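Each of the two complexes below includes chain A, the first together with chain B, the second together with chain C.
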Partner chain A sequence: MADQLARTHPLEAWLPAFAELTGAVRIDAEPFVSMAVLRAARATTGDLRIRGTALPTAPNTWAPAGDGRLIWLGPDEWLLTSPGTAPEALEEELQTLLRPVGGSAADVSAQRISLRLGGPQARQVLAKGCSIDLHPRVFTAGQSTQTALGQAAVVLLALDEDEFAVLVRSSFAGYLASWLLDASLEHADPALTS
Partner chain B sequence: MTSTFRTPEGGRVDRSTTVEFTFDGQTFPGHPGDTLASALLASGRHAIASSVKLGRPRGIAAAWAEDPSGLVQIEEPFPEPMLLASTVELYDGLVAHGLPGQGRLADVPDSARYDAMHVHVDVLVVGAGPAGLAAALTAARAGARVALVDEHSEAGGSLLSGTDRLDGAPAAGWVAAAVAELAAHPEVLHLQRTTAFGLYDDGFVLALQRRTDHLGGAAPRHEARQRVWRIRARQVVVATGAHERPVVFPDNDRPGIMLAGGARTFLHRYGVRVGSEAVVFTTNDSAYDAALDLHRAGVRVAAVVDARPEGSPLRAEECRAAGIPVRTGSVVAGTSGGDRITAALVAPLADGEVGRADELACDVLLVSGGWNPAVHLFSQARGRLRYDEVLGAFLPGERLDGLAVVGSAAGLLDLAGCLADGRRGASAALTALGIAPAAEVRLPTAPEPVVPAAPLVLWRVPDASGAEGSTSFVDLQRDATVADLARAAGAGLRSMEHVKRFTTIGTAHDQGKTSGVLASGITAELLGVPVQDTGTTTFRPPYTPVAFAALAGRDRGRLFDPERVTALHDWHVAAGAVFEDVGQWKRPRYYPRAGEDMAAAVLRECAAARSGVGILDGSTLGKIDVQGPDAAVLLDRMYTNLISSLKVGSVRYGVMCGVDGMVIDDGTVLRLAEDRFLLLTTTGGAAKVLDWLEEWVQTEWPELRVHLASVTEQWSTFPVVGPRSRDVVGAVFPDVDVSNEAFPFMTWRDTTLDGVPVRLARISFSGELAFEVYVNAWYAVAVWERLVEAGAPQGITPYGTETMHVLRAEKGYPIIGQDTDGTVTPHDLGMAWAVSKKKPDFVGKRSFARVENQNPLRKQLVGLLPVDRQTVLPEGSQVVDFLADGRLPPPPVPMLGHVTSSYRSAELARPFALALVKGGRARIGDTVHVPVGGTLVPVEVTSSVLVDPEGARRDG
Partner chain C sequence: MQLIECPWCGPREETEFSYGGQAHVPYPEQPGELSDEQWAHYVFYRDNPKGRFAERWNHNTGCRRWFNAIRDTATYRFERVYRLDDPQPSATELAGPRRSTS
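Our next item is the complex of A and B:
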């Protein structure tokens, strides 16, 4: 058997710049996260549970599911993430669950990457390019939204008071990383920027 | 220069620090807290520049953004044109000069940062004067989310410019306490130096914050110099105050003539006397404050000239006590002077007749014609304005949902009234939001207002000089006069919108803050109609000028437009690729070797793909996963050809049309399972096709059990192309029998590479034997490198989009959007074979029955071969008819069509082109002409398929 095939993360080249951020804003690229899009009519999914979690029915919410998250994307559409499952295995697992109820699942693991954004100024950084209301009382942990951040379409998840996940199309990852670093500049250690 | 006109004390400047600046080459002192205007006035300098058309000297005419004349160009620290001396905050090292109407953009890049910030609030209060502060406090105490924006360097509004007392102490104390309280409310965003410049639907307000402008060269580099706040407010309280209105009279433009309120601001806020000897010309009581305050500060006030026949008995008494002469029933009918006013010509005014004038020596003439509420934001919200006969001003004339106008912006001119109105406006906003107001919001006690004598509405003093109003300036910046308004009226113009454009009044940097209402009033007089009928011009954003750099924000340079890249981008860069923009994608166009230009590189890449093996990063192709029991039904309806008959494991080329029967996209379809397909779209069509399919599924056929998902970036795609491709693919994927028998054209096979799933498909966009390799993009680099490594013995050659275009064009494969333009049917492309005759219906089918679609003279896709075997026809060239003698017919030259694609062909050893030509297929074998430069190039019309028309090469 030849060498294990290597995986390449779209943001590999940005990791050192992320690591230089200190304090007020933190940016991290989550490593390879398997993702699958789930489709099923609400009426058919009654007591269906995905890794023990019911499909969120409230718009713009997410729920923990197994080692990942189950994210509402539309009335009949969800995204399941799982760092620990192989992409094709995740699709198969979900196909098995959903096909009997007329639903479907598709592997979209490489379609998006997941960024983590944290720190006391994280909301400020997001507010520079996101037009939705990010007030801590409005966009609370468990909320999600599909919106534009800068000029990139993203799925934004509130994980905690100062902690967010940003899912972005892989081809836009570099743009968004540059955008976020640029937006974080004024919160960076002045010694580094003078 | 010394600050001869600086008062010994008072004002809000920091006298402990002196800064130096340069104006018109001369060095001046000033203090932090000064504006450029106040510092110049402190040194006795009024003149700023000469006027744009007439070259008349002009000076500082007001203390803030309403100044029509004091425009300057900043040179240092960074060149910036068309700023007002009255609004430029002073800093050390400022270099500026006066502008005669036009400035100069910097010829070096602006290295400052600009950005934007979104914020949502319950209540936005615009203006931090007494009404705005009262409103903000009311909303803040109720716990609402509040934004308070104000364009000055500090809060206070009119309180900074006067001697008002609140709760028995100078008003500054109350202002400071209010600001401190607001700062303590966690839900309050209080921004000074921030101008709300545009109000749009649903409480959306844009505000420009000047964050570091006032720091000059000392501004920190990593902070945005200016920020555009994008505020979404559930309720807006407009507390923007009022602008003083001048009166128009002959020679009213000399330096030293300014608004009375402005002079008072310079005195109280900046500690500057605007002159030594003043004449005050007024139509209302407010200018008496300026006269008395300046008198107390040591300015000799030669006279208060009050146009009202009775004047103001109460204020006249105060003047008498101070020894200031008051002339009632009088006007300023003219002035003398050069670079500075030297005298006002004061004359009685009775029954519209100006009497004999006296010359009153002065070095400043302070004018007040009343107050115009700053209704700009209300008007931008499309609020109707009402003309108030008493004030001679336009006021909000209706209630708007979600927007309250309070204080002097609503026409209130007394302090206690403004405070109460601010509280009322905020309370109403809270009520509308269902937020309970705090129990008691106590307002500070303002002195009992003295009821002023009724103002007189006087737009202009009749011109007794014989100049017929040609020196009576309405818009100083535009050099537009009463005579110009008379010409407009004489030319038959009645609408202020027309008058504005005819005279240019109100089109300068200040957008008519002083001139707009004057123009309406004077035009009404000239036409003999009520002012309400002339109305105002439409107020439009921005309220004050906003630099394009601020609007661009961070969307410049690399962030101007997102660059989308594939998983292999870094490999392409390392391989020396030259990139091409395809929409937002960066795609390798070609990979030049040392010494190669594009033509040479492309010929080499083409030759490799036709005779050996090449590899392309095709990952940008759109990909859509279609699943569900009705997937085949949907695709039969969306493609022109039959998809449902496709076997699992097979691939079919499909064409999609709009309802008009015109081609909108094309690509291959892989049947993955009975109920699952993978659709390939063009790179540019990916999002459009998914939306198109979703639109039909969601709005027309919701009964179809089918689900769509974009997987464009999920699957990296590499065509491995050429007669040796089988060797390479076979070597990398030994588990797959790549023989033609086991793996025929237009089929796909799944395999794995070190446990990673890979899909191979026999699809060719070049006519050559080719395999497309699909893999999860995580593994794109690894799989690509395996292929490149395995292909080394065969000389595998990475190729770019240019070679891809040549290869496909040689085969006559159209690029939708390049060889088509939305007016081309599949039949026009010679693809009648791709249009099903069996299917009962599909999108576009009905349009094919149109008579025009049967027209044999429709433009059809053909090949063109330049007869000289040399000329590469420029894409877009016209194909023309010519006369029998070979000359062009006279214009208009009949056009047969145009060149859509044109390349050099390594395979044909000559250039060739694709073109849409009228009745093209019937012309095959004919010679037509293409004008290139000045010459007519003869070209032979051929089939669009120029290489391997038999298709012998696709199986290797």
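Our next item is the complex of A and C:
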């Protein structure tokens, strides 16, 4: 009988380097999260609520929904994350909600993983890789953005003043982790760089 | 790098977008009745103006939506972006005097 395959995080190899990074920037890899993409025409989603949250209609925003987040991806497209629900159950739950209004939901849990970036210099690190206005007055908690960070397409979420989540495709995660570590080096504890 | 204003996401770097050719090329009303030559004109023949040109662009890395833009082919300046359901630009807008590059 074939051996049971153990699920490993794409950033397993980078975790020690993240842990060593002390100073004005912290990087963490978040554990696996279930994600589903929701598609529905705007006209049909008027009072539709996903886990108590209305679908965000303003571009580049996200809202907390249940134990996860509901993220605007396009005028008729959203991403729902949920750490506590199995991917199949999440898809089923959303399809039940969206089918009556002609929408659809698809499980995309395997597509992206989430990195957590924090610390007083986190904005400086992100600003090195994209042209988004990351000023604390503009990119406030509740804002999100889809852009290229370095060479990787990411979804960037502002969680708090100094706290960001970066959703990146699993196959690009290693590249982005190296890029973030390199970009964070100048803000790291001097003992690390010497 | 030039920033292009996506009608949904806002200003993003040019490398996030891809070009989709001339905008407002109508699909033939009676495709079955077209001759080969007329098909070739529909499929391959496009305007190539020096100056303002209405084009289709796609925001690949962001919202992945198509939109239209009026771009000056001589200066590469984006004059205006608009959504697919917005009205077509008038002939006078496309023919208007170009802004200088300076």
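We take it that the second predicted complex is superposed on the first by the 188 of 194 C-alpha atoms of A that agree within 3 Å, B and C clash if a C-alpha of one lies under 4 Å from a C-alpha of the other, contacts with A are read in each partner's own complex, and residues count from 1 in each chain.
Here is the rule we use: a contact is a pair of C-beta atoms (placed from the backbone, for glycine too) under 8 Å apart; a residue touches a chain by one contact, two chains touch by 3 or more.
Treat the numbers as computed from the prediction; the structure is a model and nothing was measured.
Legend: residue contacts after superposition of the two complexes on their common chain; A:Val37 is shown touching chain B, with no touch to chain C.
When the two complexes are overlaid on their common chain A, residue A:Ala183 makes contact with chain B while staying clear of chain C.
When the two complexes are overlaid on their common chain A, residue A:Leu159 makes contact with neither chain B nor chain C.
Of the two partner chains placed by superposition, A:Leu21 touches none, neither chain B nor chain C.
When the two complexes are overlaid on their common chain A, residue A:Leu167 makes contact with neither chain B nor chain C.
In the superposition on chain A, A:Ser131 makes contact with both chain B and chain C.
Of the two partners chain B and chain C, more chain A residues are in touch with B. With both structures placed on the common chain, the touch criterion links A:Pro59 to chain C but leaves chain B unconnected. Taken together, the two structures place residues 130-132 of chain A in contact with chain B in one case and with chain C in the other.
Chain C contributes residues 1, 3, 8-13, 15-16, 61-65 to its touches with chain A in the complex. Chain A meets chain B in the complex at residues 1-10, 13, 32, 37, 39, 87-88, 102-104, 106-112, 124, 127-135, 138, 150-152, 169-172, 174-176, 178-179, 182-183, 185-186, 188, 190, 193-194.
For chain A in complex with chain C, the touching residues are 59-60, 73-75, 77, 130-132, 145-148, 153. Residue ranges on chain B touching chain A, taken from their complex, read 113, 115-120, 145, 220-224, 230, 232, 554-555, 558-559, 561-567, 569-570, 585, 620, 625, 627-629, 705, 707, 709-716, 753-757, 776-783.
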